[in-house]
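Below you'll find a set of structures to go through.
Both complexes below contain chain A, partnered by chain B and then by chain C.
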Partner chain A sequence: MSDSLAGLSAERPALGERQLHRLKLGLLAVAALILVGYPLADLLRSALSGPGGGIGAWRAIAARPVVTALTHTVVVSALATMLAGALGVTMALLVARSDLPLRRWFGGAWVAPLIVPAYVTGVAWLDAYSRAGLSDDLAHVAVNWLSGPGGVVLLLALQGAPLIYLLVFAALRSARIGAFEEAARSAGRSPIGILLDITLPLAKSAIAGGMLLVFVSSAADFGIPAVLAIPAGFTTVTTVIYSDLSFAGGANAISSAGALSALLGVVAIALLIATSRANRGRAGAGPTSGHGATSRPLLALGRFRLVAAAGCAAFVVVTTAIPLGALFITSVSPGFRLVFAPVRWVGSSYASALSGQNLAALGRSALLAGSAAVIVALGGAFVALLLRRESRLASAAALLLSLPFALPGSVVAIAVLIAWQRWLYGSLLIILLAYVARFAVIGVRTSTATLGALSEDLVEAARVSGASQWRATRDVVMPALWPGIVTSFAITFLFAVHELTMSSLLYGPATKTFAVAVLDAEQAGEVALTAALAIVVTAITVIVAGAALAVRSSRRLVVADVGIEMPAWQP
Partner chain B sequence: MKSSRRSAHPRILNGRHAAVAAAAGLVAVTALVQAAGASPVAPEAKRAPVSGSVTVYAALTAQGGQGFTSAFESAYPGVTVNMVTGGTGALATQLAAQQQSGHVRADVVLFADPTDMDSLVSEGILSTWKPSLAGRAIPAGYTGKGWVGAFTFEMMMLEHPGMANPPLEWPALTSSALQGQLAIGSASYSGTTFGWATELHTLFGWKYFQSLKAGGVRVEQSTTTVGTDVASGKDLVGVTLDSVARSIIAQGGNVQMVWPNDGAVPIPATVGITKDSGNTAAAKAFVTWLLSRSGQVEAAKLGYDAAYFGATPAHPMPKHEKQLNINWSRITADKTSILDSFAGIFG
Partner chain C sequence: MAAVRAAPAAPEPAGQGVPSGGAAIELAGVSLAYRDHTVLEGVDLEIRPGEIVAIVGPSGSGKSSLLRTIAGFLEPLDGVVRINGGVVAASGVNIPPERRRIGFVFQHYALWPHMTVRENVAYPWKTRGVRTEERARRAEQLLARMGLDGFGDRSPTTLSGGQQQRVALARGLAGDPRLLLLDEPLSSVDAARRDELQTLIIDAARAQQLTTVVTTHDQREATTLADRVVVLSAGRIAQFATPVELYQHPANAFVARFMGALNVFEATVVDRGNGWLRVTLRDGATEVLAHAGAAGSEAHDETSVAGDRVVLVARPESIRLVAAGAGDQDGTVVRSALVDGRSEVRVEVGSALLHVFETGLPQRETGERAGVVLEHCLVLRGEGARTSG
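Now for the complex of A and B:
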């Protein structure tokens, strides 16, 4: 009997199975509505007609301080994008097209800052280069404009440059560009001519896509302006949303932050559409091959090889090593000034960073990030399985779930706050909802990409050989899904554990996360404690990223290029 | 006239939220920490029996909050204090959001700004209960509907020693010699800075603050940050609290306190209990204790200016120094426009 049933179900899903499929689709739809649909709809409703919102809130937006903040955001992001573009393209050309010594190593060193949380970078740079910082103490050199728009532009650019580098590097590795260059070279064109007339024009869409990505993620960034712009009285949209909600008080604050968020969200979605168009253009540029660059480098640095390498090394030292070193020295110096003698260093700031409320915050962050990562990884696999069957509902839900990652964190947080605060204010659950909503796309994309590599024929073969749907899923599909689940768990955990933007807007008295503890310590003037907390959160990030890389290389996991296809907002 | 002096008050460190209290059960770590603090010991026979936990929202440094917590818990062994510290503006916003969501979590509110207390009473967040102040000389402006002044913060100047022409009066802060070397707090975050800004605006007009802005003043969030900025050498002069200054000096910071010749700005620390309090007995006990002799002694020990009983170790402000008088009820009415003007100048 079971044989005949199995045969039947191989041709057509049994009644029970169809119902189960419908149930799963229903579950997915409900999850997408709870996580994304309802909060975003409620945000729009509140922005248009909420209590104290509506016209009043829009009038508040038209007021000068908000217009100023919007202008600041646009100008700062545009300048940061240009600088990041110049840096990123130069880096990519040096690694992919020159004979720079140690270029692979430099490539790694340039990408490494991506895993350092933005607010940590801000604090570290202040410790290194501001007045009374490391460089001032040692060489009487202080960068006084660091706290202010100049510093914000510089650090946003340094944060964005690796993204552009990654995109342009990938484009330069494409076989197509390599072939054109080779042809031009055979025709006797000069390297600079090839670079200007062939390489850069062909990489144009990657450069444009990357720059758009950097522009949008700079506009949405909160960590860097929180540390560098607020004390200088330089407002950006994200700092206005934060101070409106954190200091201004009352129902009106939430409504006006909602209106501002809705506006920001609409702008972000418009830019996202532009980004995906640019990316589509890039996809049309042809598949990448393992080695687009030929054996002969296009840009022979000749006798400048060593000078260039020294310059690159200096860049890494100045932008990464010195700030992190200053952060460490600050964390172990007793009193109010930097102390360079290790014998006088103290561990007391680490003791308070890892005890009492800060330890509780660390526990909370680990719990939140772990829970979010499990939900995102398993939920993503669930959605990927549903997407294997043609279903408009499943596709629509997956699209909805991918939206929050493309929106600035502030917008997602305000939407979740307005929708769920009545029931969940001050609870860990509201933060978890925001994390899962924002990072859901990581699970969906990674698992879909993993399953994409699995041929449907294998499942069919299992079914034809008499395996039940469940058995075929368990024995064929699940093993294929597993690497995707592990990868999405690691990426989500990494993003969530140092998430600041949403946490700073959603935490309550008993739900402060570790990233918020860093920001609070910074705002309260606890210099050494801030540095110690920042070092701890960076160490956790490095360990998780290292473990993920180790697992990935040992298991050959498939990684969807979430960070490249989708705007990789700094969480 | 200038009297800068060093004080050796121990213990107050810096910190805004570092001691945000843990409420029950959401995280295992938190639950464990709390379980260790819970105690079923009965209170003294003389007092009304109080027990359970009391959540205090206090605009103090983390260490100031911790000092009051330990002292109260040893006076009332049956009560556990959840101390939530932060800037007045930040805490007021949290209370408003909680009221909107239907349940205010705080039992006791201790703010560095009387104007917020008046608003909290009119919004129905604070109850109108007040402790008896019988037998105490009450300073002017230290009671309101639903709140009383518990001790005093003094806004004064903290300066780097050895300055050629140290500013000794408020107008001197606009001097071009201080270009880019001055730090103040944020009026929307710090209640004491709001009080100070309001008073100086009354005396000198907004022009004063426009000159500060033109002079490249750094606007930090908290007065504690202002203090550490001066101690670390980031700035030469800061406008901060006497208690912050004493704490920095006690930690070996190389700074000097300057009581301005034209008067320090006194800001009462105001305390009241919430309408929604789930443990009014403990909330009332906390407020009553804070105003009692032992609460006042603890305040003085923590470096604050005790308001009653002439509590020792010392009156922190030299007796001959001038204090400005502030008309708080007038300010309450203008609060929003004052904050808007401040934000309009400083962003």
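Now for the complex of A and C:
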């Protein structure tokens, strides 16, 4: 046996491995450049110097309508952020620090609406509370300002509040803050005093980080203004980019949209850097304790317990249950007015929602989402495997791939459009490129986190047991990676299947996606059809999310920390 | 691979024997660096077939790196590694770990969570193409030897730490390895299980006549397990010897201290006679008279002359406490306690704190003066004193 080993000594098995590794790195670099590097560079180039871009584009931005839209976006986002902050912090304090009955249940109920696409929420609120909506029909109560800036602020705030709740709740659960509160308590401070002196100051960075996040995601949101602002003639940056491209057309439109996107992108990145700074402070808050911070709740609600619980329940009913209920009732009601007009059968809206153009759009969305999810999941696993070896190139590519998720969807779409429209305009491929670019980070982070939990010892144990590198990867790494791949697939599919912002900017005559079909039906005033389409897309989302959760809990999956920021960028 | 497949089930396949006199593991001038940091420097080592060798040293001394270099996880920067005479690592040669035919037991077990206990243990045979039923049978045999009958279908995550460690050992023994390498195998096992595992490791190594290398930071573990012990200090071999040699003739102060000597002093010889010498300690003020025994006796010093730098090792059990003024020097008792059925006394003599073991219950009071006689001291050459940190 020693003879055979001596014979081996002439070989240099490491060499082929190294070359293969270089090849993979090259592949990754090319993919990152195609998906992200080139489009973003081209966006900047065209914003600064492109045909019809450059000075002209910036002059277009300086024009009054655009300045108005920018002002609208800033004001609306700021107001929504403040409202969301107040709501989110209250929610977190109630769940983490009070003796509110059913507080864990309420925590879940407040976060659950994040799964509903933003534009569906908009449609649902219109069906519930606008003139001729459910409340008008039943009680002659209508919220007239819903369609317009007021409604945009309210819904952006309701969408942002759960994010702030999650971040602040996590901070309040940290053992450190709990210990400081107990110290103040033993020093004789009153609960409200402790709240003001200890709890809120220590949770400050989480609150600030959450609010910055909500501000950026509100400014980047398209779904809510598309449904509530466009019909009212109220403009925001994202709706201006959309209408520039959809209605004006031409190279100039693309260039000025590009300039506006570049501006939006730079602002978003700057704010996100600020967010991560704020969150770094939060990370220093120490590990979260396994139990609640204190056994005795800081805020004893006393005889107001039931009143508070009723208030919370009413909040859930008004903000979630009634809108979704109204959406469903509208979807099965025969005509414009819903009450008792038994002309057509109740399923007629669904019949047209699931036939012809709409069915084709649904098929396209499923195909696009499925393809994007496969590419993101497998690509993410590939990147995670490459990142296991130290490599600056791989780290840089991974960083580049994580950028589009942080950028507003409009910016990514315009960048992809400017870079690849010459060859791919109006094709499904350009939409797929945008989806993959934007959601790539889900695959990379989930798989990296999954592999991070895999000790290198386990791989080495296979190597000494006689397994080649390839075989050790197959026998040990892949089984560990598989749950991460499944999770990335599900999350990416979830995001892509109801994606509106990028799809609405990139679709061509033959490539309309399902989300765009919802928006079109809404803008055409087809109330029942819109509701039916919205119910279908929500049902798909909920089913996929439920399946992902089931897989996750059954396999004890590691899910990356994209969890918190994901909904913020819900397309 | 074909030759491996043909290997019979017997633990020591024919033809695997080593040419008599050859080393099972041989390292010549092996150096290793991680980034700018030198991990191993010019390590020469010859381990004989069937020998159990322990590598000890403080954390960061490079013991794990040395083991991983033998396994093939690390590629030496310089030098040659041979296993059973065949070169496995040299410049331009690096046989990957899977082709070195070794069993490796990881500190934190590294059992694959997605495989059953039996699949874990059978895996080394699986990679070598042994049929499913045959490798399951062999795995069960090994598990039975480890006292783990009936655990084959369990998931390793459901086992206790000690059970997991035994599964890891079984896997290390599977696949008919030529060498068994264990990285801190007992460090994460509680004291009660340690003896049991130690016995299992020794029995397995002896039964298969496996050349075995164990790393540990615990010198007691090293001396109980090993035929010979490598003491590493900052990436260099400070001494490679049997436990008895290490105890009797530590190469320097570092080895003496590391092997558990409590009273080790760097000193300069002032005067010497037959069987005694007078030294001053490092502070320059404390003078100590020590008895070093005659030439040829267990503790001896033949060579040092006045002015030499030496290392003085005094065994706690060889220090006698007598009435104040009746010994070679006087000291002050600073502590006296009952430990393991004998009294451990600490006596200050000038700047030196001496640990003394006396039989019987503690009888001395703190602050009491006592005469101190240092018998059977070891006197080491002073070069060691300078290299030790």
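Criterion: the second predicted complex is superposed on the first by the 547 of 571 C-alpha atoms of A that agree within 3 Å, B and C clash if a C-alpha of one lies under 4 Å from a C-alpha of the other, contacts with A are read in each partner's own complex, and residues count from 1 in each chain.
Operating definition for what follows: a residue touches a chain if its C-beta (ideal position, glycine included) is under 8 Å from a C-beta of that chain, and two chains touch if they have at least 3 such contacts.
Predicted model only: the values in this text are computed from it and were never measured.
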First (chain B), second (chain C), both or neither touched by A:H140: neither
Chain B versus chain C as contact partner of A:R303, first or second or both or neither: neither
Partner chain(s) touched by A:R104 [first = chain B, second = chain C, both, neither]: neither
Chain A: partner with more touched residues, chain B or chain C: B
Touched partner set for A:R463, first chain B, second chain C, both or neither: second
Which superposed partner A:R392 touches (first chain B, second chain C, both, neither): neither
Touching residues on chain C, where the partner in the complex is chain A: 3-4, 7, 13, 15-16, 18, 71-73, 75, 83-88, 90, 92-104, 106-108, 110-112, 114, 123-124, 127-128, 171, 174-175, 178
Chain A - residues contacting chain B, complex: 64-65, 68, 130-132, 144, 147, 230-235, 243, 245-251, 253-254, 335-337, 352, 356-360, 363-364, 367, 421-423, 425-428, 508-512, 516-517, 520-521, 523-527, 529
Chain A contact footprint on chain B (complex, rising order): 13-24, 26-30, 33, 55, 57, 61-62, 82, 84, 86-87, 89-90, 92-94, 96-98, 100-102, 105, 180, 186, 188-189, 213, 218-222, 224-229, 231-235, 248, 251-254, 339, 343-344, 346-347
Contacting residues of chain A [partner chain C, same complex]: 1-6, 8-14, 455, 457-458, 460-469, 471-472, 475-476, 479-480
